[in-house]
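Look for chain A in each of the two complexes below; its partner is chain B in the first and chain C in the second.
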Partner chain A sequence: MNVFERLQYIDRRIMYALLVVAIAVPLIWRINLPVVVTPAVKGVYDTFDKMPNDKIALIVVYWGAGTVAETGPETSAMMRQLFMQNKKFALLPFDPQGSKLATDEAKALAKKYGKKYGVDWVHWGYQPISNLVPLLQSFPRDIKGTFKTDAYGTPMNKIPMMRNVNTINDIGVIADITSSGELDTWIAYIYGSYRTPMVYGPTAIIAPEGFNSLDAGQIKGMLMGMKGAAEYEKLLNAEGFATRAAGALSTSHLLIVVLIIAGNIGYVSSRRRRER
Partner chain B sequence: MFTRFLIKPGAPQWLWVLGVLGDFLIFGGILFGLLQLVPVRFRRPLIVALTFIAGLIYSVEFFYPADPKTQMNFLTPLRIKLGEATKVVYAFALGLGTFNLIRFHGGNVIRNRAGWFYSLVFFISFFAMAGAGFWSYYCPSRAAENTYNMLFEGIVASLGATMFSTIGFYIVSAAYRAFRIRSAEATLMLLAAFIVMVGQVPVGAYITSGLPEVGPLRNLRLENLSYWILSQPNMAAQRGIWFGIEVGALAMALRQWLSLERGSFFEREL
Partner chain C sequence: MFHWLSDSHITTAVTIWIGALGTLAIYSILYKENPIYRIAEHVFIGAAAGYGIFITWVEMLKPAWWDQITQGRWYWIFALIAGAMFYFIYSRRYVWISRIIFGVLLGLVAGGAFKGFVGVNIDRISASFKPLYGQGLTATEIANNALFIIVLLAVMAYFFFSFEHKSLIRRAPAQLGRWCLMFAFGAMFGFTVMARMSLLIGRIYFLLHNWLHIAQ
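After this line comes the complex of A and B, so read on.
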């Protein structure tokens, strides 16, 4: 077996070590690469931008610590735009981990932009995902009847920004940020019935499924994982984790491509030898 | 039910918890007793009828025209109430799940079964996290908050992130082994994968940054090629797959609504 043929049998431990290096090095020594904004990401920005200030945005958090590297920056960038444009939002988490992580991020951003809980943002409280369908059937027509208190037990009527928020008509945009595939349920029960503008923040691995809804106009924009978040940060002109990690994302993808090419060189070499 | 009439708003939380449990035991007991009184041969038709009526409420509510002023029809209030009732039923699943975990791992520890140590870890983790949660919720203090954050961010969140991150290593190994140019189709897939993988990261934009941003040549920029593959051929394939899935889901829903579904539960004598 010659050198080329050996390329198709690289030990997986070597690949793992190379991946660690490919991710760690750009995080330590930053690589600046161009970030090009795609139409899907521009759609998210424009949808929030056009939202009237008398309505609130609903940010649905259905992600946990496992995907925080992708969904965390997406959530953060959306909250950042809303705070920057003096728009109000409510958090609706369906994951206990995501609830805590998104709340911590909202608190940090609120402090940075001088925003107040209850006035500029509110947490509607964690809901188990098994509740999704009954919730989507009841809250659009009676928000305060469905979510009687916020996450901290304060009655909805006593929260200043919730005083005039009663039905789905008072919600300007719904952002579904998720590591799972429940977008169709939101479209079926919410967009299908009420035509509330929706934007989507999935992990990169499930993003391809979102193109159906994007093309059909059921979602107005989409962030494709961390790359989408980096594009969004560029639009906001506010650098965050996604922009800083874009180099590591690039090197790890390049490593995979190089390994695939190496494996194929080995495969073609051995096939030619067999044919001879 | 009774809870709403007997307990006034503002009553202590523990009284509400007792009231809900009482409701569950009393009404659950009555329902269970009534079901036991029904002759065996009528039990299945009864459940079939109840399933059909429950499904019918949602179907009629969806199709019956709504009042343009209120956007509601005569069944909408009932649907909202049913939604709330379903939430309560789902909440009991949490208690049932906890009970099952404790029973299973408790058995492992008491009987000293293989791997009992991991069951012990479950109990330590369960009570530590629950204790810290209750402590920080009911007796808020800096110490309670720090303990909760240390357990949540230091252990739970980090473990979750670590578990998911390991997938990245498997993806590298799997992609290396799977993408071989064994046939024309495999080569086409490899080419598409190459464009999407590189075009989806900033380095893709860097590689073809020499191409103009306007005009026909812009279509050859890797980020644009990648976006085209995702938004055109990928979307067409996804749409086809989803049509199939949704038709199957519709058939499945109809089978369940009309109690035509066969399985371990439906075959059992009630």
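After this line comes the complex of A and C, so read on.
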């Protein structure tokens, strides 16, 4: 087997090993590549920034441990901005794992920014995703009637920040952070009926579906996976995991491009040799 | 014997070790199929399902349903009856009971789907009519809007199957539409690769940072 043929048949285990090295090196020895903030990410920041202080943000968590590397930093960055700007938010998880992971992150950030549960943030309790449509038809008219207690069994009326939150008009922004494609349901039942500003935090794999809504103005901004979270962290001037991972994201992509080029060089060269 | 369970430092360390060994066990599939991978896979799925059932009861069913019944609102028992009706699909004799509840569900879904279509697509259709002059548009915005309209019409031409694309006037826009679709699919695949890399980075960062303490 000559060198060109070998380029076409590199053992996948060698490629995996190269990938691990390409990712590990920038994580250990940090490389600072420029992070350019895109208008979609700026849209998310501006939407929260413009939210009146007498309204609350609703952070929808529909992701689990499988996509925490992407959706975790997105959720974290949104909560961070809200805490930094003294704005209140509610968590509404549709995934049991996401409920735990987002709550842990909210607690850690609340401790860092000196915020209190029930005063600055609240957890409306996990809801099965099969409940989504009935829930979207019910809660805009009567939040406390739909979510009678928070995640810890406290009646909504006894939670200070929920005192004046009764309908969708008291929600300033809805952030849908998801590893699934249920954004259209939110748009259909919430944005379509009430025009509540929405922002979107998908995993990169489903981000292309969000561009239609972004272009139509149905969502005001979008984070595209880990890259979007890194841009958001730059806007917040608060470096987190996504910023650190941005370098590894670039080197891993570079390696894939190099491997694709190498495979193609091998293929074209081998064919030419055979034709001769 | 289990006093160490109340020490958060020890439980955190144990959790990180379990996470790290579980990660390595799952990734061992990349080398070849092996029993360690199988065990880790089953443990993860079992733990996730068990945790899901626990959270569903504690945060959803108990406050929203069980507590309602125990506080005197007995009519919430009908929710259990309606839910149980679905299970009659497994009985040949009583399958008609499940059809009632499935019929109600399908009716609700059909109504919801219509509302969903209107709510989602009206805005998108109206956003497709982009201006090409006036309204204080810059040259870049006009070019961008023109490009959008050309791509939109070309892709629609590709999906117009009412007549054969024989003549050049019919074939050329359809071919352009096909190229545009290919570019779009390429971009979507790029996003897919980025998503996969991000997940891998997350796990490697966990191993290097939380477990081995060699990353920042």
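The criterion applied here is as follows: the second predicted complex is superposed on the first by the 275 of 276 C-alpha atoms of A that agree within 3 Å, B and C clash if a C-alpha of one lies under 4 Å from a C-alpha of the other, contacts with A are read in each partner's own complex, and residues count from 1 in each chain.
In this section, contacts are C-beta pairs under 8 Å (C-beta built on N, C-alpha and C of every residue); 3 or more make two chains touch, one makes a residue touch a chain.
Bear in mind that the values here come from a model prediction, so they are computed numbers and not experimental data.
Novice: A:Gly98 contacts which: chain B (first), chain C (second), both, neither?
Specialist: neither
Novice: In the superposed arrangement, does A:Tyr16 touch chain B (first), chain C (second), both or neither?
Specialist: A:Tyr16 sits against chain B and chain C alike.
Novice: Check the residue A:His253 against both partner chains and state whether it touches chain B (first), chain C (second), both, or neither.
Specialist: both
Novice: Now for A:Ala65: first (chain B), second (chain C), both, or neither, which partner does it touch?
Specialist: both
Novice: After superposition on the shared chain, which partner residues are touched by A:Phe241: those of chain B (first), chain C (second), both, or neither?
Specialist: Only chain C; A:Phe241 stays clear of chain B.
Novice: Can A:Gly217 be said to touch chain B (first), chain C (second), both, or neither?
Specialist: Second partner only.
Novice: Classify the contacts of A:Gly125 with the two partner chains as first (chain B alone), second (chain C alone), both, or neither.
Specialist: Only chain C; A:Gly125 stays clear of chain B.
Novice: For A:Gly145, select first, second, both or neither according to whether it touches chain B, chain C, the two together, or no partner.
Specialist: After superposing on A, A:Gly145 lies in contact with chain B but is clear of chain C.
Novice: Using the touch definition from the top, say if A:Ala204 reaches chain B (first), chain C (second), both or neither.
Specialist: A:Ala204: touches chain B and chain C.
Novice: Looking at chain A, which of its residues have contacts with both chain B and chain C?
Specialist: Shared contact residues on chain A: 12, 16, 19, 64-69, 97, 100, 128, 133, 204, 207-208, 212, 215, 224, 227, 249, 252-253, 256.
Novice: Under the definition above, what is the set of chain A residues touching chain C in their complex?
Specialist: It comes out as residues 12-13, 16, 19-20, 23-24, 27-28, 30, 64-70, 72, 96-97, 99-100, 125-128, 133, 148-149, 151, 153, 184-185, 187-189, 191-193, 203-205, 207-208, 212-213, 215-218, 224-227, 241, 244-245, 248-249, 252-253, 256.
Novice: Touching residues of chain B toward chain A in the complex: what are they?
Specialist: The contact residues of chain B facing chain A are 71-72, 76, 79-80, 82-84, 86-87, 90-91, 93-94, 152, 156-161, 163-164, 168-169, 171-173, 175-177, 179-182, 190, 193-194, 197-198, 200-206, 209, 223, 227, 230-231, 234-235, 238-239, 242.
Novice: Quick one: in the complex, what on chain C touches chain A?
Specialist: 30-31, 48, 51-52, 54-56, 59-60, 62-64, 108-109, 112, 115-120, 122-124, 126-127, 184, 187-188, 191-205, 208-209, 214-216
Novice: Using the touch rule from the top, collect the residues of chain A that touch chain B in their complex.
Specialist: The touching residues are 8, 10, 12, 15-16, 19, 33-36, 38-40, 64-69, 97, 100-101, 128, 130-131, 133-135, 137-138, 141-142, 145-146, 204, 207-209, 211-212, 214-215, 224, 227, 230, 246-247, 249-257, 259-260, 262-264, 267-268.
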